[in-house]
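Just so it is clear, A, B, C and D label the chains in written order, and each chain counts residues from 1 on its own.
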Amino acid sequence: MIVILKHGVTDDKRDQLVKWFNSQGLGVDVSEGEFQTILGLIGDVLNLDTDLIESLDIVQAIRRVTEPYKRCNRKFQPEDTVVSVGNILIGGGNFAIIAGPSSIEGEEQLGELAKSAKESGADILTGGSVNHKAATHTIQEQNLKEIGYLKAAKKDIGMPIAKEIYSVEDFEKYEDVDVLIVGGGNMYNYPLLAAIGESDKPVILKRSISARLEEYLMEVEYIMAGGNKNIILCERGIRTFSNDTKATLDISAIPLLKEKSHLPVIADVSRSTGLSKLARPLSLAATAAGADGLMMDVHSDPSQAVRNGAQAVSTDAFASIVSDINEIRKVIGK
Amino acid sequence: MIVILKHGVTDDKRDQLVKWFNSQGLGVDVSEGEFQTILGLIGDVLNLDTDLIESLDIVQAIRRVTEPYKRCNRKFQPEDTVVSVGNILIGGGNFAIIAGPSSIEGEEQLGELAKSAKESGADILTGGSVNHKAATHTIQEQNLKEIGYLKAAKKDIGMPIAKEIYSVEDFEKYEDVDVLIVGGGNMYNYPLLAAIGESDKPVILKRSISARLEEYLMEVEYIMAGGNKNIILCERGIRTFSNDTKATLDISAIPLLKEKSHLPVIADVSRSTGLSKLARPLSLAATAAGADGLMMDVHSDPSQAVRNGAQAVSTDAFASIVSDINEIRKVIGK
Amino acid sequence: MIVILKHGVTDDKRDQLVKWFNSQGLGVDVSEGEFQTILGLIGDVLNLDTDLIESLDIVQAIRRVTEPYKRCNRKFQPEDTVVSVGNILIGGGNFAIIAGPSSIEGEEQLGELAKSAKESGADILTGGSVNHKAATHTIQEQNLKEIGYLKAAKKDIGMPIAKEIYSVEDFEKYEDVDVLIVGGGNMYNYPLLAAIGESDKPVILKRSISARLEEYLMEVEYIMAGGNKNIILCERGIRTFSNDTKATLDISAIPLLKEKSHLPVIADVSRSTGLSKLARPLSLAATAAGADGLMMDVHSDPSQAVRNGAQAVSTDAFASIVSDINEIRKVIGK
Amino acid sequence: MIVILKHGVTDDKRDQLVKWFNSQGLGVDVSEGEFQTILGLIGDVLNLDTDLIESLDIVQAIRRVTEPYKRCNRKFQPEDTVVSVGNILIGGGNFAIIAGPSSIEGEEQLGELAKSAKESGADILTGGSVNHKAATHTIQEQNLKEIGYLKAAKKDIGMPIAKEIYSVEDFEKYEDVDVLIVGGGNMYNYPLLAAIGESDKPVILKRSISARLEEYLMEVEYIMAGGNKNIILCERGIRTFSNDTKATLDISAIPLLKEKSHLPVIADVSRSTGLSKLARPLSLAATAAGADGLMMDVHSDPSQAVRNGAQAVSTDAFASIVSDINEIRKVIGK
């Protein structure tokens, strides 16, 4: 971080500020130019209250020079991180498709869908979505039941399973889930992030609908501070003035996140827009933009789905989309 | 809700859809016009999957006619709700100022600040803010300590206290807190909202940085469904393209929320923008726009605050701002 | 449009409103349901003041049923429009790449770049960008000079040329330009749009950085009302809270615009983000999402460009990107 | 501007860059710290292509230190600018209300409304709004007619008049208009801005719906570069995800613009939200936030207005609002 002092600051005042920085455990590199004095701070400035420093009388401005995140920063680990989810790899050239119904309607329904999806090229099975309007205990029961169905399907056809987690209290119940999903609405759920960080459970941390990339990576950093490196980033749409889709898929976030971080980056092409008709173009676009994988809602009969049928593609459409995805992967050498 | 059928839909298909709505517990009012058939749905449409209906073959469009929330809707309760926080009333013409330091540095510091703030016109004492970058148990310990300091101040000078809650697990520890604060980042924390809903604890539910008013009121509805009516709405800034402030205070939300709902509406004039220099103009503006109260960060010496000093006003400035707020209340008859 | 009357409106008041609609040239289809009365308006409602109607005492709500644009609406012309720009076709399966330097530095520079770009697969040559900080007459002179260089290159290598137009006053000077470009900042420049509409000059009308799709298509409609059908739509990024790119390329807009309208849709992959490193992933993504063409900044030596070097790709990079674009077109059958 | 070089850059490369800056007419203040080299640029950096510099191999980052605008910057003129519009002053403690009907329906209608508005406390008369869907020449004729009506009212009751201008071609026809209004959609209409800049005609330049404050002030700077200092800033709402109002009035922009610039700042409380019911709370809020004036749509019978009736207040409501505005001005000493 660079602190630019106001013109004409006395040596005294400057030294006082330097001492204060030293007391915070920071080295200070004083650069006296003809027209201005600049302090370069050396050390861990992540927890500095930059707003406060900027409001001091003798300070003209401060400017960050480095990113406020380290563990997930590609500068400190140039090579791609590869995350293992069961027998499936994501990142470092490994591409994975996570698919399943938003609406799990029974063990049989899920089992058949899983078989079909696997044949079409899905790598990881997921499913279910909470009706938040229901009572808490109903939600928890429903969730447990869905995990049971997913485990049955996993046992049957050998696909790793992914399931969204909503609260730190449920953490233990997800032991057999191969990769947790933390939705964008929980990106700031610190107790949950902390618990995941202290485990080595793979997790897909979705970007909040209102998070800038730096803010997103700082929460990733928070998880990694606990020791867990098995993190998969996921672009799932941001809130904008556009009202044609539920959220606006920020396609540039895919290459930018891959540049800023060594972690794998996937895109949720269903929940971002909420429109099944966009699943194909967005799947192909996200793949072409360099994503390491995709999440997609699939349902055997979307119009009969109990919930969120509007964002699911049929199993036939899914097969056709995956086939095109694979062709595009060849084009970009992935 | 209105469902507009496509031109030329057969009676058969129409009747099939009507039956399906009936099976969902809805009455259907069929209006056959010369050029179009319109179905008016009667009953509780809150849980209908509208996206799915809109995607059906025979449906041209659906249009909501009523708001998807009821309990907080002013249509069903024209008179203002008045919430009691200890001996302080908010709403229905009662105006309350919630003040305190973002940075609680000790029992003595808080006690002195509380005395000064009360003399200047503060009604409810608050304080503290979590350093989310710390470990979870550190946060919880810090929080408990801060609640202790707040309780000491309350005992000493008789002000009700407000404190932000971050997790449902901590709910019992907040027994002596007079009004809970749920931050915008927890607006979708359903286990927490459910627990509050089942109690009768007063709560300030802040609007999420990315929530439309309707979405906000639907979460209010979720709390109220549990039986709790002691809810105070709080505008705290929305995320926009503007980068001059941390968030953009949506001043229109104040009169609009008061029109849509009978609940009291306050504004957080400090955390919305993160800039203490805006506390005065925004306090006066929010009061003039009809707010039922304000939240403001106050600190005896903002430049020495351990955290968030940049958004706190000094005790002197606070006294002067409150004096002007009261003058403006007279102008608008509040 | 549907007008829903309030419960209990008298026949008298209803008839009065119906008469008023009739006086505006509209037919009214009255649907009396058991619980509500709905008026279906028949005719051209594009110019109705819907806000005003909604504010009437007896009206509960109004709901639009049809899009407020017609001429560009795919409902009224299911087949794709194909626009001819010189000997190049865009739309209906025809894909075109519009390339050139943001910074035109001389006839020779442009000529060489044009040759190289054409060999690599560019279809239409463009170039130049205004330094708005300069005086008006300087801008106009510079623009004229650049048109001269473009014409020279066109004569030399036979590529059609595209050039941005800033003011209706310059319209005549663009006679030899094959396709006009109207930037997003001029999407509401009505005198310019009107002049273009009355001609048959092909035009690329870029979406304003803050326009919803419906608003964008209504301006397209304004041009088409003059008789001109040679319009190419262009997604060029929208303003959001994201600060990692100049604007956020709204990738979903490409398939959505193609669904809503029969006009060709291209994407500007350089000016949207302002970052040359994103030109490759966004070109491939936009192609995969179904775009009918792309605009890209190319420069023989971006680091030496007088203006906007940061968003231009080198001629080598361009050749490689175009090659991958063509592979992706094969995958999606375009 | 500060240029931070990468660690380990050779003296040679550094000197080459310094020379290049010198060749651009800039002084360079080299600060060699132990861990980094920082170049402080001295001189006019407004036209530097900062993106390009940032993309150079040896540059780690650049950081702006000063605002990219000067003439309107309060740093270079601490005292408020006072703009004269006819016999009315705005700024420097002078408050002005600009009022009139969005819909001018005739000389008599406007004359009566003007009288009533003046009696209620309006200072400047305005009126009219273009139906952009009409043909260009119709718009121009309508505009001329409306200017005629405004002039008649001005002659009759002695109020200065304000009128929106849409195109540089019409500039001469606005000779008798006391203050031009440039709408947010024309904030980037450079030929128009340039013409105004070369005159000394007072102008209200509205902020574009998608402009950050810095971008807005740079366009103000563009006008002032021509010599015209009679500029009134106007906050008129920004585009956000909120769909409850046409635009979101950015109330913080009022105190922030007054801090950044010495020019007067007003707010348009009608067109920002498009809802007449918000005119009162937003008028009082904007006044309390320190605005130097307001623009408001007034109509003798809003429900009968030909255009935009939904955003106009009645003459009675106007009188009552102005009375409260004046009370609030006393509170804040303005």
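To be clear about the criterion, a contact is a pair of C-beta atoms (placed from the backbone, for glycine too) under 8 Å apart; a residue touches a chain by one contact, two chains touch by 3 or more.
What you see is a predicted model, and the numbers here were worked out from it, not measured in a lab.
Novice: Through how few touching steps can subunit B be joined to subunit D?
Specialist: 1
Novice: Can you name the chain that lies farthest from subunit B, using the mean of each chain's Cα atoms as its centre?
Specialist: C
Novice: Could you tell me the distance, in whole angstrom, between the mean C-alpha positions of subunit B and subunit C?
Specialist: 40
Novice: Centroid from C-alpha atoms only, then distance subunit A to subunit C, rounded to Å. What do you get?
Specialist: The separation of the two C-alpha centroids amounts to 32 Å.
Novice: Roughly how many whole angstrom separate the Cα centroids of subunit A and subunit B?
Specialist: Using C-alpha averages as centres, the distance is 27 Å.
Novice: Considering subunit C alone, which of its residues make contact with at least two other chains?
Specialist: 210, 239-241, 243 - these are the residues of subunit C that touch more than one other chain.
Novice: Touching residues of subunit C toward subunit B in the complex: what are they?
Specialist: 2, 4, 29-36, 38, 40, 42, 60-61, 63, 65, 239-241, 243
Novice: In their complex, what parts of subunit A are in touch with subunit C?
Specialist: 210, 212-213, 238-245, 248-256, 259, 273, 277-278, 281-282, 284-290, 324, 327-328, 331-332
Novice: What residues on subunit B touch subunit A, complex-wise?
Specialist: Touching subunit A: residues 46-47, 49, 51-52, 54-56, 130-133, 135-136, 139, 166-169, 185-186, 188-191, 194-195, 208-210, 222, 225, 239, 274, 276, 302-303, 305, 307-311 of subunit B.
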